[in-house]
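Next come two complexes, and both contain chain A; in the first it sits with chain B, in the second with chain C.
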Partner chain A sequence: MADNAGNKAAIREFILENISESTVRDDEDIFERGLVRSMFVMQLVLFVEQEFGVSITGEDLQFDNFRTVDRIDELVSRKLAAV
Partner chain B sequence: MPTVHVRLSRGVPESLAPELMKRLFFVSSSIAEFELIREEGSVTGVDLTLHSTGGEDSADVAAKVNRVVTEQVLPQRPLAPRVVWESPVHRDTFADTFPELVERGTVVVSGEGQVGFGEPLISLFACLDKRLRAIALSLEAAREYQYPTLLPTSVLDRFGYFGSFPQFPMFVTRLHNDLDVYQSFVERYTAEQRLPDDLFADCSNHDYCLPPTMCYHSFHQFQGRKLEGDMVVTARGKAFRYESRYHTSLERLWDFTIREIVFMGTPEFAAKCRTAVMQQAFALMEELGLTGRCEVANDHFFTNADTAGKILSQRMMELKFELLLPVSADRSIAVGSFNLHGNFFGDSFEITGRDGGSIASGCVGFGLERLVHAFLSQHGSDPAHWPDTVTREMG
Partner chain C sequence: MLYELTPQQQEDRASFVAFADDHLVPEADRWDREQRLSDSVVELLGKSRLLVPTLPTEAGGSGMDVETYGLLSEELGRGCGNVRNLVAVQGMVAHALLKWGTKAQADRWVPRIGTGETVGAFALTEPEAGSDARNGSMTAERTGAGFVLNGRKKWISFGQRAGIFLVFARLEGEPAAFVVERGTDGFRTEPISGLLGLRASELAELTFDGCVVPEANLISHGRLTFDLLATGSLDYGRYSTAYGSVGLAQGCLTASLEYTRERTQFGVPIRDHQLVRRMLTDMISSVEAARLLCRQAGALRARNHKDAIRQTLIAKYVASRTGFRAADDAVQLHGANGIGPGFPVQRHLRDAKVQEIIEGTSQIQQVQIAEMTL
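The block that comes next holds the complex of A and B.
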């Protein structure tokens, strides 16, 4: 659980570094709310790969996997469990 | 012509080979031909044939090829192709009608990527456009416009076109209006009987360009306006893209015609219109007896540092679909694209809706010469073998 909370915190921190608002809810769709432009998804993919040492390819490259802190965290957990 | 083998500093996976191929002729005007060298499933090198008159050092060209690979191709994340429609029509044989049409004088090649044509292709072209126009006008709140050809460069500036697609735009200029300029130009021209090599030193104006696609005319038209409701605009007009050496027959032209449909309003309206046009276009392809498919696609971003990010987000969000029709047993061409833009153009052109917020938009463009070309590839050049639905319409 500690790892999971740490992962979420890291994801949240990365998003906050890239938006003008000071808070973001874990279930908030950062694209739909207009907090980031669509191209930010590439930065999220690279961040997840570098931060968690996983490879994001093929079926993982679904937009829904990157909409919220929660969804990114679920993707990370799934990838880490498969390592 | 000299040839040079370029060893890529890193191999390009086969899935990204098309992204490399569509960039190579834009890397340098010295490149006359290229061939990819493959080893164990990836592209490891490129054999280039260079123009002997190009004058560019082959090491410089090789360095540029590696730069485009490193900066624009390898950062891309290939997504598996996703097909959203396949024509129920099956076809095994295709005709390469272009040489025969040129021979007969039906098709006239007047320059690089510039092709004209006579009957029966004029009637075929008109018939296909008539059907596409009817699809556009069947949409709610649809209206048609005809635009001038020239587009102010300021229109493309508003949304950063030149930063994303520097390879495509063709500028329109003229001699600077000044008596001294005109006189010195005429004196030089009279003496040399040819345009001076430094002509553009006397052409300071770059206010206009040729439109790379038609929808920008519509966003320009409604710039700064508040729309009273959802709106659909359709227009047919000429579009121009510098396609380097990629120009081919009627398939890829520098100078071509688009039937455009633009949707402006709520995001739901734009999405609904795109779906409606796709469904009607698929039904039309079937009625025309054309085989093909529609899949998720991306624009040809070039040079920009965000190229990989733009392509990935465009594909992941399925903002672009292309209607692909085969022209031979192993090759298809895109004859139409179906796009959603989110609020991008609403923000860029300050077009607002009833709620005061930026409108969402989408657009569909059909390349009419390409559609004619795909039709001829599948049905042949003899109208006697064309579907009744077309020949009846043509009279």
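The block that comes next holds the complex of A and C.
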């Protein structure tokens, strides 16, 4: 299992692959900047589930969990701790 | 990559072929004329655990993997597009509830759908919001008892038969999804008949007029309700539609090969005319190509690969167009018999057109493929 910094790097890399910009700060709201496309959230969930072996469910569905690299990383850490 | 079926998949496929040949092919034209599936086929699908086979066994499925589900969708699409649509919609509703609902909500509704005890319907489209479904105008407001729903949904598959409706509405400015059960006060369904294709999909228009549902029926609320729940369900449906279109095209091809061998004009079977061969070879190669795209999408979906969604869009876009072209050519090759009631190709042609409209029109697929690729 990747360490915390590794997780964050993987999340950042995935986001950069799927948005129209080449840099993103870890605390930057990628939705507010209008960087994401309509299928992005679905791809993001697939990625998180596949990469970290966790299952995103209804209780994780708050938009806030997905807005920044930091928040996604926190969600992943919470899920991993609960496994 | 070589998309060879495993021995188990070959065995499963053979049983799906037999199911379609025994139970769907002989009845599909009648259901099309009567604009209704028989109750017995719905029961049989439930009993055979084919309504939502991808659910775990305890939830009413048979734990079928997604690649095998594709093979099933192809054979259902070859046999009867309406049955394929029924199975797709049951999967969309059941999986949305299983994945995004609470455990209590999943326990309450999912096994009923999986076993066929109650049919589900997926109610997103409105009279004024189709491709732009995110901007529907149906509303939900909090009341003491739960939520009050107001608005209309249109073109809802199996809305005539369903007992459980997954309904999208706007709550406090954000998308939300609710379960509404038939019989709830202020909710009614009206059949839509006289369709061009998928005539036995028992479509309905739904009206919600001060319809109150309890708190326990709210499945999801917030922006991600659309981005994950609605979009994810449509992605599941697209995979089924893609494979179903391949099945439809294969049905047209098989019928055309047989007909052009039997039918003689100018002293030879018509398949010996070069222009006929051209149509047949176009059909043969495009069916193979579309099937390979579906296999690829299935392989990626099985691995939760991040490109699975885009590849499913591509498969659906290509397969639905292939289905329509194959059906068009099949009718042409059958001449007047293709127009008459005795051959399945005219039903396939009508059903094929619909595949280019549901789960995102061909134009919306193009927009999305471009958005995800460029």
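Here are some notes:
Rule of thumb we're sticking to: the second predicted complex is superposed on the first by the 79 of 83 C-alpha atoms of A that agree within 3 Å, B and C clash if a C-alpha of one lies under 4 Å from a C-alpha of the other, contacts with A are read in each partner's own complex, and residues count from 1 in each chain.
The definition used in the following text is that contacts are C-beta pairs under 8 Å (C-beta built on N, C-alpha and C of every residue); 3 or more make two chains touch, one makes a residue touch a chain.
All values derive from a computational prediction rather than experimental measurement.
By the touch criterion defined above, A:A9 lies against neither chain B nor chain C after alignment on the C-alpha atoms of chain A. When the shared chain is aligned, chain C comes close enough to touch A:Q50, but chain B does not. If you count the residues of chain A touched by chain B and by chain C, you find the higher number for C.
In the superposition on chain A, the residues of chain A touched by chain B in one structure and by chain C in the other are 38-43, 45, 57-59, 61-63, 66. Against chain C, the residues of chain A that register as touching in their complex are 14, 37-43, 45-47, 49-50, 57-59, 61-63, 66.
Here chain C touches chain A in the complex through residues 99-102, 219-220, 222-225, 227-228, 231-232, 235, 303-306, 308-310, 368, 371-372, going by the rule given at the top. By the touch criterion given at the top, residues 34, 38-43, 45, 56-59, 61-63, 66 of chain A touch chain B in their complex. Interface residues of chain B facing chain A in the complex, by the touch rule stated above, are 77, 79-80, 306, 308-310, 312-314, 316-317, 319, 342-343.
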